[in-house]
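Chain naming follows the written order as A, B, C and D, and within any one chain the residues start at number 1.
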Amino acid sequence: MAGDVWVVIEHEGESAANVSWELLGIAARLAGDLDSQPAAVILGDGDNSDFLTRHAFSYGAATAYVAGNKSLTPFTAGPHSQALAALARKYNPEIILLGATTRGRDLASAVATDLETGLTADCTELEVDPESGLLRQTRPAFGGNILATIITPGHRPQMATVRPGVFPLPQAAAGATGKVVASKPRLAKEQRVHRLQFLPNPEEEVSLHGADVIVAGGRGMRKAKNFIMLGDLARELGGVVGASRGAVDAGWVSARHQVGQTGQTVRPILYIAVGISGAIQHVAGMQNSDIIVAINNDPDAPIFDIADYGIVGDLFELVPAFITEIRKRKDGAGAREAAV
Amino acid sequence: MNLGDRKPVDGNFDAIVVGGGPAGLSATYTLAGGGARVALIERGDWPGSKNMMGGLIFSQPTSEVVPGFWKQAPLERPVTRREMWLTTGDSVLKAAYESDDFGAEPYNSFTVFRSRFDKWLAGEARAKGAVIITETLVEDLLWENGRVVGVRTSRPEGDLEADAVIIAEGVNPFLTEKAGLSRGVKADSMALAVKEVLALPKEKIEDRFNLNEGTGAAYEVVGEITGGTPGTGFIYTNKDTVSIGVGIILKDLVTRAGAAYALLERFKAQPQVQRLIAGASPREYTAHLIPEGGYQGMPRLYGNGVLVAGDAASMVNAVNTEGANLALLSGRMAAQTVLRAMDCGSFESLTLSHYGDLLNNSLVIKDLKQYQKVTPFLSSHPHFFSLYPELASAVLKEFLTVDSLSKADKLHLITRLVRSQQPTKKLLKDLYDTWKALS
Amino acid sequence: MAIHSVVCVKQVPDTTQVRIDPDTGSLIRAGIPSVINPFDLHAVEAALRLRDEHGGTITALSMGPPQAEESLRKVLGFGVDRAVLLTDRAFAGADTLATTYALAAAIRRIAADQPVDLVICGKQSIDGDTGQVGPGLARRLDLSQVTYICELESLDSDAGIIRAWRQLENGRELLEARLPAALTITETCNRIRYASLPDMIAASDKAIETWGMNEIEVERDHLGLKGSPTRVSKIFAPPVRQRGEIIIAADSSPAAAAAAVMDRLAERGITFDEGDG
Amino acid sequence: MSDKDKKNPGNLPYDNRPWIPPAHNVTAQLGLVKFTPDDTSHLSIKDKKVCQERCRRKFCTHSCPAQVYRWEEEEQSISIAFEGCLECGTCRSGGCPYDNIEMRYPRGGFGMQYRYG
């Protein structure tokens, strides 16, 4: 039997990053193919691990490796990598998965170096090769223009980070239990890096990740002012405004709105691309949307190749037309409700 | 001029060359080779990154600057066949000249990409000791006692002094105007060229253009390239791409409130052309102006401490697509002039007038003078090439072979050639008219 | 106390210009210009600002083919003091583990000449997009690891303490680290300066040191492809979504086109008529 | 060049019918070129009134090969998408027959970049 498939749970106190639970779903699948077990790794001060452990079990972990040490809270890469490397040396996991977040990538890189093993960043697909039993790690490369499948033939564990939102959240099974392996790693008392302060993002910040509807604008918007009407449309649809790199580079909207290879990967129910030509860098970040609507005046724009519905026309006429149409439908529905 | 608080950098430069195109690079290479300390200032990320041409360079003038350049330069294909298409309405008259000699050393011409070729040439100039400064725009000239003494760039501490400045800034003569040398730009002397580079597999290119492996073709299309609009078109073969473009005099374009890319689309859609490029996928779209004012449009070519070369000096032979040749040669002559001035220790207008002498004695100016008399195209002689194919071949060979003979000398040569074949009076007239139009 | 920073820069193909051949699905590499990894320029800028404030020296280090000298020369144009290019066929095919192995050996040699306080990298390269080299160097050289820095708060060079903000998904945190440290810099950390003309001219004459595997202390087996645990098993074009229904607005009217799309969405169960939802 | 010539280079017989937008667009073509836009525009309209009152045809919207210029009916002015400029100089060389466009080159290191050229 192969070693376990580990998922390192990224958390701040009791609040875990969604991507960690997404990864437990894929870990269960990989473990099934390898005839091994999915496991969660929870590194922290050991005080509030119960809550996270319960969640880990409910999302499919068979084992929870819980390492507790004061130096592990708050997260800094040094002690976390020492603790994780020590656990890995002791229990020999087959695979270690982490979210491709700031901390996940930070920690994974350090641990892979310590363990002198391979690490594949930002995977979009993970599967076990049925013949060799190797983890086939597929990721975009060259700015999203190609996909590369990477393997780690002669080294263990096989390590990968996965972007948030790439895999769906697994069904939680309430009340599921598993084995807890607790440890108290010995770490240097004097740490070289300390966290002094944490400032959460302001509430009103756009959150592309997790939005059901995204209305995104590109170079075709021509100027910052025109993003106002995209905001209007997004509001009507209960969504948020996104942007292509071109629009961000031009300074029309802030980088927080950027969707794409260098921005965020999103998978909303509805993605409306307005004045976006559809460069691969952008497409790489939104092609997993359920439905894509594209508005562009260029019939040859590549965005139409991936759109479910494309409208060739002047966006400065079409966006207002959409707003009018949606309001009309809402009024109609409101009137019907009133009549009932 | 008061330099204010800005202290010019004393890099001990003998010369500054503004612009990393064929003229500027040829000047820089020649200066560095002659032992001068020279700085080339280019606004793009690398010399070539802002440059565009149809895509043909000629061996003879290029090897005058860099002997045996074909052994190392990034070239696409040696051109072994040139075709001239004369189009009127729906009909196309084609004349081809093909020579296997053109496919062997010393070659006749090559298709190239400016962005790559110029980068290479800049590397050669650097190897000779030139300082290449990129990503830097020259905004103005520095003056002292009515003499140009350096340049002002947009960089911090961006003034740089030198004994001589060679302006090779290209078709938009910002500095030439500031130097008081330009005669201004006129819409009827500027052509706008737009071009697409289209990818096509090697084998398809060789098949469709009927080429031996590794050799290339250059097609020039003149007349009504698209329904009723005068202009020129060109199709050149590269290794695994085809360059296709159109040029139109800006005045014609504006008068008709037309769009150059629309012309290009229509040109591409013509059946004769479509056959060649079917299934090709676009790689790049470029636009550039061509100064077609010729001799008339030339600015004053030098002043105290300053010389002008290449497109900035309107050195383009409009009909024969020889802008890059003239740029290379004029850049080289400007450099030779500066080298001579260094020997004399004087960079005054009087000393630099040597540049004018060099140009006047060269085919550069001879050709440009010849072109003063260019008449609108030879659409009144559509029968010419079809009636006299053998002669046409001879004429084309002479016309298309770029060597050290000026076009005027060639006219004599061809006249003799034609007479030797006992032509009729009409033929002579046709020939003469054609030459007037073509040359 | 003056600071000695080593900045790692990588020459990369400009991936914004990479295209896929629609017929063959293969990468068109021909003619793609090489550029300095844009994030590395922010790393250079960070080093320059620290030097502006605290004095000291900056060494730029790159690993790549001989042509990578171009990128180092550009970095010298910003006023970097010294440039070292690691180039050797033995380094070819390195993944990030083998890369940090060679770079770490080079940094040790640089540190032998002059102690190194900071190793500064861009947050990731635009061709590999891994972000693994900075942390890898931190581990190999036992440096304090501070990655994805969005703002450098302060450096106390006498106490050997640096403070920096890093961007997380849900906020930002201020970290304090003891020198020597490895930093990785994001594009929001600074604005790259416009190099001065004298610096650019000076750079054109400066020597770039070239080191091969014999110039640094390394074992052949840990270098290049041989020293890389990962292998690329397959490269392929991303699967394409099917082209859907295209409506030409000019055929009817913008309003009709918008209504048509809203109808299609409604057919698929997506409606927005529940008031202000 | 005299002032008169400058205003009317080449003495063009203008097509001065009302403006119609260009039939083609070059978005896809421009997508093949790399642009590194500077923060500020290197292009500007010298006098808005000329566009509003004298130039009915809005010549720049046709002559510019990169379609940088667009007539904004609502604002009665030309908008300038300088980020996608090919820096050819058409607008300063007669592309605007009223010589009403000020064109400079972008700062060194900014603007367009050809990889073939």
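Criterion: a residue touches a chain if its C-beta (ideal position, glycine included) is under 8 Å from a C-beta of that chain, and two chains touch if they have at least 3 such contacts.
Treat the numbers as computed from the prediction; the structure is a model and nothing was measured.
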Partner chains shared by chain A and chain C (touch criterion as defined above): D
Between C-D and B-C, the pair with more C-beta contacts: B-C
CA centroid of chain A to CA centroid of chain B, Å: 53
Length of the line joining the C-alpha centres of chain B and chain C, rounded to whole Å: 39
Centroid spacing, where centroids are CA-atom means, of chain C and chain D in whole angstrom: 36
Rounded Å distance, chain A centre to chain D centre (Cα mean): 43
For chain C, residues contacting two or more additional chains: 16, 19, 31, 33, 194
Sites on chain D at which at least two other chains make contact: 28, 32, 107, 109, 113, 115-116
Two or more partner chains touched - positions in chain A: none
Each pair of chains that touches, named by its two labels: A-C, A-D, B-C, B-D, C-D
Touching residues (chain side chain B, partner chain C) in the complex: 9, 11, 39, 45-46, 49, 113, 115-116, 126, 131-133, 136, 153-160, 199, 240, 279, 281, 283
Parts of chain C lying in touch with chain D, wherever the complex brings them together: 14, 16-17, 19, 31-33, 194
In the complex with chain B, residue positions of chain C that touch it: 19, 21-23, 28, 30-31, 33, 35, 194-198, 200-201, 204-205
Chain C residues touching chain A - in the complex, by the definition given at the top: 13, 15-16, 18-20, 27, 95-97, 100, 126-132, 134-136, 138-140, 144-148, 163, 166-178, 181, 187-188, 228-238, 240-241, 243-250, 253-255, 257-259, 261-262, 264-265, 268, 270-277
Contact set on chain D toward chain B in their complex: 1, 5-6, 9-10, 12-15, 22-24, 26, 28-30, 32-33, 57, 59, 62-63, 65-66, 86-90, 92-95, 97, 103-109, 111-117
